[in-house]
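Below is one structure; the comments refer to it alone.
As written, the chain order gives the labels A, B and C, with residue 1 at the start of each chain.
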Amino acid sequence: MNDQARFPDRTTALVLVLVVLMPLVMPATLATQILIFAIATLSVILLFGSVGLLSFGQGLYLGAGAYVAGLLLRDVHIGLLPAILAATLATTVLAALLGAIIVRRRDIYFVMLTLAFAQMAYFAALALKDFTGGENGLSGLPRNFGISGLPIASPLAFYGLTGVLFSLAFLLVQRLNASPVGSVLVAIRDNEARTAAIGYNVAIYKLAAFAIAGGIVGLAGALHAAFLGFVPPTDIELEMSQRLVVMGLIGGVGSPAGSLIGAAFYILVSEGLSQVWARWMALIALLIIAIVLYLPGGLWSIGARLSAAAKREKHHG
Amino acid sequence: MSAQLLLFQILNGLGIGMIYFLLSVGLTLIFGLMRFVNFAHGAFYLVAAYLAFAITQATGSFWWALAIAPVLVGLLALAVERVLLRHTYAMTHQAQILITFAVALLAQEVVIFVFGPQAQNVPMPAEFSGIVSLGPYVYPAYRLAVVGCVTLIAIVLWFVVERTKLGATLRAGSEDTEMVGLLGINVDRVFMTTFALGGALAGLAGVLAAPLRGVEPFMSVEALGIAFVVVVVGGLGTLLGALLGGLLIGLVQSIMSTVWPQGAQLMIYAAMAIVILARPAGLMGRS
Amino acid sequence: MADALLSAEEVGVRFGDFQALSGMSIAVEPHTIHALIGPNGAGKTTFFNAITGVRRPDTGRITLEGRPITRAPAYRRVRYGMARSFQVTNIYPALTACENVRLAVQARHRREGWIFWRSPAARADILDETGALLSQLGILDRANTRAGELSHGAQRLLEIGMALGANPRIICLDEPLAGMGIDDVHRTKSLITDLRKRMAVLLIEHNMSVVLSISDQITVMSQGRKIAAGTPDVIRNDPSVRAAYLGSAA
């Protein structure tokens, strides 16, 4: 009787183990970068995988979160956690406000609206030089952090913070998917008209998903600002939104775990290949085409298929 | 702003607006007829512009570029449609967006691979590199030539769409694709032709724009954005909509760029958002 | 009229130049089966769409238990006690039959739909109600089958089941028997007559023998207007009804 997603499940364990293991196999800064983008990609996967909403504009909230956190850290001198919290809250509210407009349209028009707002935000950010530093970005952020007295001095410590926040975001999305709210989101994705016909206020659900996704990627933005020590305008540029979609697609939009897989793949490939061949993005483009045509579930679905095949073997063997 | 500056900006806006029309008319046909979302449209513009650069470098003549580049890009569009995109018509719009986005990305990387990442200049054709007197003012001849050229093309296009069998098929197909198929018309071939034609026109826009704006690998993104804004504002699937939308966007961009450059870009995307929200059919589209 | 559970007065709908409905009125009494019949193109589904909130009428009023619902969006009408099924099967093909119905039941428990900190399986009452509904429909044995893989007849039953999940006071069925084999027709016919004990039923149907045998009231439409209304006996003998059907076939 129950075809619900289960929480927690083996994916939960696997992802948490990976988060713990990552700094053992790579520099902490690289692992931090991967997790920051994994958090951001979670927002794409939540919207596209769970609700069927393809947003090419999540970069807007990444940038907004980064700028808000950056300004709070630099000018208001509040601690790291309060800054992150405030930025996350601010982007959730921003996503709720913009989402109220954007979710009114569906399908291709929804995509175009997310694109249009992302572009508008980018040019607005460039124009509001006094707040954002314009083309030069927001610089001069503090480099020493502490959380209630405990210093976050080393890259490993910062990774620890990022790891905790990623895990929380990941668990939240998994919990959401395996809950009544998640079941409604899936229903909306599968047949929006029917979902309204059985009594759900579809617009509010979409808005809620959009706001939560905005908050999650804003969290990533705030971490990014603290991580880099400055906020480049590329955080809010269209290319960032595209990059997040690419990461989600490669990792697999069918599972929140795709966020970690996709971010890791993209960043490791770019780190590894960009020295060897400057045009590595061409390979990514080919990979995207292959995934859309042959493997819509992304890299994560390879693992899912293997484990399903193994299970069948066990029953028949 | 002085009267002269305003006049120039208006003329510039009309000129660039005509180019935007060319760029977008293909997209409106592809989107309006095939209901296919083509995020690779900017790539046609890009590749043609670079081909124009290469051809003018090799032959010293802009005219060869103007003649050859759009045709090559049309063939390229045809190839991409036959080999790849044809398999995606039954897929969701999101899948089409993602695939064509990847194609655009690939095109951009190939361009950088062949030509390098820096911007390049494309020299104007010698015959039009001078100036023309407009009353007490002088104005670049090339820009006027562009307006004239695109006007001619627009008339030819209008003729094709309104008076030929292909055009009738296109118009009927954009109203009811299924019916057109049931009437025995080879929908496959119509799609193929539309896509190739749309690509060639976008390529032509790229060639004409190249002497004005130079070429650089990331202009496909901007071109795509402009094309979608024009199509949305002007209205899906209508030639007149692409023309009015193109001119409107060109004018707004031109005038605003002297007053508030970032605002120009902002306003254009704001216009698209407003149209999508208030009147998705656009200026000329059917409600 | 004052007792009517659902009443529509002078409802009109136009699509561009085409007047699909004009001056349509209907009154459905509680615990009755009210059939809406008429030749193809008469505007029955358009009327349905106006009543259920899919298409806002251009003129007229619709009231449910005295409450005006003319402008209410579809989802809110469900809360007021009206549910509908669709002429073209409109289920969740990728989800199991069980989940299809469970979603409909969950929608009725409004706060449940907003819980995000635990699994839906924790609500045994919702699951029990889902099981009971599936059993009533006769598809409990196929509860874990993906709805897209069910037989056509089972899918039509699922259509009705999802509307029942709202525990409505009036259920609007749009051609529930469409494309069904004889066994499924019998089962569905008795299902619908059973429903009368708990709710009013408004249905569009082309199967004349079923309509005449189970309906308490029949309203006949032709070309966007009501041309006759009354009990099955009255309708059976009405010459204008015969003319409308024969006229459309000629």
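The rule we apply is simple: a residue touches a chain if its C-beta (ideal position, glycine included) is under 8 Å from a C-beta of that chain, and two chains touch if they have at least 3 such contacts.
Every value quoted in this text rests on a predicted model; they were computed, and no experiment measured them.
Asks: How short can a chain-to-chain path be from subunit B to subunit C, counted in steps between touching chains?
Replies: Contact-graph shortest path, subunit B to subunit C, evaluates to 2.
Asks: Please identify which chain has its centre, taken as the mean of its CA atoms, farthest from the centre of subunit C.
Replies: B
Asks: Taking each chain's centre as the mean of its CA atoms, how far is subunit B from subunit C in angstrom?
Replies: 49
Asks: Between subunit A and subunit C, what is the separation of their C-alpha centroids in Å?
Replies: Roughly 42 Å separates the two chain centres.
Asks: Any idea how many Å lie between the Cα centroids of subunit A and subunit B?
Replies: The answer is 33 Å.
Asks: What positions in subunit C touch 2 or more of the other chains?
Replies: Residues of subunit C touching two or more partner chains: there are none.
Asks: Which residues of subunit B touch subunit A once you look at their complex with the stated criterion?
Replies: Touch residues, subunit B against subunit A: 37, 84, 87-88, 91, 93-95, 97-99, 101-103, 105-106, 108-110, 112-113, 221, 225, 228-229, 232, 260, 262-263, 265-266, 269-270, 272-273, 276-277, 280.
Asks: Which positions of subunit A touch subunit B when the two form their complex?
Replies: 48, 52, 54, 56, 101, 104-105, 107-109, 111-113, 115-117, 119-120, 123-124, 126-127, 238-239, 242, 245, 249, 278-279, 281-282, 284-286, 288-289, 292-293, 296
Asks: How about subunit A: which of its residues touch subunit C in the complex?
Replies: So the residues of subunit A in touch with subunit C come to 1-4, 6-7, 175-176, 178-184, 186-187, 190-191, 193-202.
Asks: Once bound in the complex, which stretches of subunit C touch subunit A?
Replies: 52, 54, 73-76, 78-79, 83-84, 86, 90-96, 98-99, 102-104, 106-108, 112-121, 127, 130-131, 143-144, 162-163, 165-166
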